[in-house]
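In the two complexes below, chain A is the common chain; its partner is chain B in one and chain C in the other.
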Partner chain A sequence: MIVRMSRLSYRYPGSEDWVLKDVNFEADAGEFVLLVGPSGCGKSTFARVFNGLIPHFYGGELVGEIEVCGMDPREHPTYEFAECVGFVFQNPENQLFFTSVERELAFGLENLGLPREEISRRVEQALREYQLAELRDRSPYELSGGQQQRLAIASVMVMQPKILVLDEPTANLDPFTAVRILALVRRKTIEEGVTAIVIEHRLEVALPFATRMVVMVNGQIVDDGNPAEVIARQKHVVGRPQALELVERLIQAGLSLEVEKPSPEHIALSIARAYKVGEHAARRKRGSPG
Partner chain B sequence: MEALRAFRFKRENTVIDRADPRVRALLSVSLAALSLYAQSIEKQLLIILTALAVAAAARRLKRLAGVIKAALPLSAMIFALNWLFGPGTGLVQPLVLALRFLALSASLSLFFMTTSPDELSLLLESMRLPREYSMLVTMSFRFVPTLALDVEAVMHALQSRGLELERGSITRRVKNYLYLMVPLIVHEVRRSLMAAEALEARGFGSPRKPSRYRELRAKTSDYLFIALLAAYIVLFLAL
Partner chain C sequence: MLHEGNVVVQVRDLYYTYPGGIEALKGVNLEVYQGEVLAIMGENGAGKTTLVKHFNGILKPTRGQVLVKGIDTRHASVAELSRIVGFVFQNPDHQLFADTVYEEVAFALRNFGYPEHVIESRVKWALNLMDLWKYRTRSPFSLSVGERKRLTIASVLAYDPEIIVLDEPTAGQDHLQKEKISEIIHLLRLMGKTVVIVTHDVEFVTEHVDRVAVMARGKILAVGPPQRVLCDPQLLREARLVAPQLVKLSLILRRHGILNEGEYEWRADKLAPKLIKVLRSGADGGSPGI
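This part shows the complex of A and B:
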């Protein structure tokens, strides 16, 4: 387990109330964890524990047993987590500091103190991988929102973290770009075994990629597990995507559907499959008496 | 707003842009120093002409001419004050002082016009300034366009609620701008906190010595540039 937290509680400095209450959470390599919950439920606060921004940047009181990449965030400052935990914030503009894409990618690596050849190799690789090569001399304000967020992710991923925390990474993006960004994250979890913790409100955008869903309410984790099952149990909290409603009605109407994942794409596929199977059976039925 | 837009640096591909920023800094400082040393009208004019010639080579003649034009009223004031209240009686001394002001503004803006914020921070780092300071320079340039957008957003929000910023008496207008400043300052403080968070998340502030991806390296052409500059200074002093 790369992340292990048990009985974690936290309160901001000067506050009597605990924002996170008795949270138990574990995550393994390669997981894509979708963290959802109503606004103000403590998702972003929870995410900031992963790299020690809480308690080092925000202060306050953090209790419980916590281990991220083998380190306790209370004992190790945030810059020590930089190598292991990549953090992408909601607004890409606030996390891009340089006037060229290339320098932006190199920044984190410079902070790690890597030799120039290694920095150069990784920067070139990231430019190719994240389709930023043509933009290498551009300034962040000359990039579109999607390109900025792609750069923000690339500049974090270039440090090769084992855990990637994304705090509403697609809030400023259109649905199509949002899907492309999350697909990129999913690829990293499959190919490199990165653990992704993604806070996202738009279920239809994130569900195709999530392997696990965690629901947080009032600073507590109220559900955790397979996305389809979690949605079925927590639809009063997370809402129910219309595609899933369709599945329910079709099943009620007698169609046998096996939905692998609760995303519109998977559901469409399983309906097509069920339809084909039904057609095949009907044809056999018609053919057999003659 | 227009003033903020001026901060957007535009890269060009000219001999001057390709030169090492240290050489450009040397050029600007030398011209400024010569202007402080020279005591004749002709020499001051020569420096202004040199700055204009370099700007022309960097395809920024129009911008430098604009800077000189903007400095003219202040220069005229320097002339008038020195002529009326100065120690001498002639016109030469006040005119030299007025022209010196123009020469200084032209030679120093020449540097800032041709040097990108990234180059500026590399220059500062090559002068062994700690990284915090060079980051300060880079980030202030980087966030100017963002600030301009924020100003616009707050202005539009105020206007859409019926506030007309540019109308009424002077006191009214000053008060209107207070409405603009308060949300803007709050917004920028929050933005800077978010940026600080993001900096830390990427390993900034580590006691480990950061390595450098780009470092300034002088090329042969840069030495040629310095030789030319030295020749110019010798000729100028010999005149």
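This part shows the complex of A and C:
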């Protein structure tokens, strides 16, 4: 387990109320965890525990057990997590600083004190992978929202973190761009075993990529598991995409559907399969002697 | 109801070039009808926000013409047009500035020179409508994001503009806040307002709007009821929009011969009974298709 938290609670400085309450959470390499819950439920606070921004930057009181990449954030400064935990915010402008895309990508690596060749190798790879090569000399501020967010993720991924925390990474992006960004993240979880913790309200955008869904309400984790099952239980809190409502209605009507993933494409295919099985059975029935 | 005769905003061959030289609009023609709910959709950078900023004169045409209730925006001030067109920005923080919630709503009314007793009753009405009267003495910045959004809507509603423009009302909103925004749009409709929504949220659009204008690269590609526009795969591809979930699903089912050509539903409660019928009749040896 790359992340282990047990009975973790947190409150901001000067506040009586606990924002996180007795949180138990573990995550393994390669998981894509979709973290959802009402605004103000503590999701963003929870995300900031992963790299020690809480408590180092925000102060306050963090109690309970926590281990991220084998370290307790309370005992290690935030910069020690830079290699292990990558963090991308909702608004990429807040984390882009440099005059060119290339400089933006190189900065973190220079800070790690890597040799020149290694830095340039990783920068070139990121420029390719995130389709930023043509933009290498452009100022990050001239880029479109989607390009900025790709750059923000790329500049975090060049550090080769084991955990990627994304706090509403696509809130300001059109669905097409949002899906591309999340697909990129999913690829990292599959190919490199990165653990992704993704906060996202738009279920129809994020669900096809999630391997697991965690629901937080009022500072507590109230559900955790298979995304489709969690939604069926928590639809009053998180909403329910039309495609999953369809599945539920079909199953209620007694049809048996095996849905591999909660995406419209997968659901359509499982309906098509059920249709063929039905047709086949009917043909056999017709064909068999009285 | 749509009355094609009652055009409240007329956009004629509109071109707009930003001072930096970027040509954001390239010959846009659009009519907005009185009392309709119109969505403007398109990828990041398509020109949606640039277009609606012409409705209250924040931007003036480089070429072409925008008429708001017959007034040519080139010859009218923003203040004048703002009484007709209320604008709710995507990020409420760009719009809020007063010390208290009450003052926030009262500000525009004072500017328009309403007497104090009218201001008082209007503020009270608008804050009650948005369920914010209880916060009237608090600072706008102490409210949650969703509440701040409702506050900007309240301050616009208070001076009773005929046309209301909402820029990305559902971006970054959780499930319950989205429901609340649905209610607000329904309410505006009942009040006979003309509502223009700039949005990426295709699922939201299918349920709440009369017409959709699809934009790409500074032009309008299509305008029409969502049933037509959002079910045209080629158009969606060209505009880089993602189809509503159940439209996507319906298209696949058509290819498998489960739905007939041209047949789709985007609500689960409508599609489910159809599918149940087909799947059952398939099993009973009935004819495929509906």
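The rule is simple: the second predicted complex is superposed on the first by the 274 of 290 C-alpha atoms of A that agree within 3 Å, B and C clash if a C-alpha of one lies under 4 Å from a C-alpha of the other, contacts with A are read in each partner's own complex, and residues count from 1 in each chain.
In this section, a contact is a pair of C-beta atoms (placed from the backbone, for glycine too) under 8 Å apart; a residue touches a chain by one contact, two chains touch by 3 or more.
Every value quoted in this text rests on a predicted model; they were computed, and no experiment measured them.
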Which of chain B and chain C A:Ser39 touches, first, second, both or neither: second
Partner chain(s) touched by A:Arg249 [first = chain B, second = chain C, both, neither]: second
Touched partner set for A:Arg116, first chain B, second chain C, both or neither: first
Chain B versus chain C as contact partner of A:Gly59, first or second or both or neither: neither
Which of chain B and chain C A:Ala282 touches, first, second, both or neither: second
Which superposed partner A:Gly225 touches (first chain B, second chain C, both, neither): neither
First (chain B), second (chain C), both or neither touched by A:His201: second
Overlap of the chain B and chain C footprints on chain A, listed as residue numbers: none
Partner chain B, residues of chain A touching it in the complex: 51, 53, 56-57, 77-83, 85-87, 89, 91, 93-100, 102-103, 106-116, 119-120, 123, 137, 139-141, 155-156, 159
Touch list for chain A against partner chain C, complex: 37-40, 90, 144-146, 168, 171-177, 179, 201-202, 204, 237-239, 241-243, 245-246, 249-250, 253, 255, 264-265, 267-269, 271-272, 274-275, 278-279, 281-283, 285-286
Residue numbers on chain B that touch chain A, as the complex places them: 9, 11, 116-118, 135, 138-139, 141-142, 145-146, 191, 194-206, 208-214
Residue numbers on chain C that touch chain A, as the complex places them: 42-45, 144-146, 171-178, 200-203, 240-242, 244-246, 248-249, 252-253, 256, 258, 266-269, 271-272, 275-276, 278-280, 282-286, 288
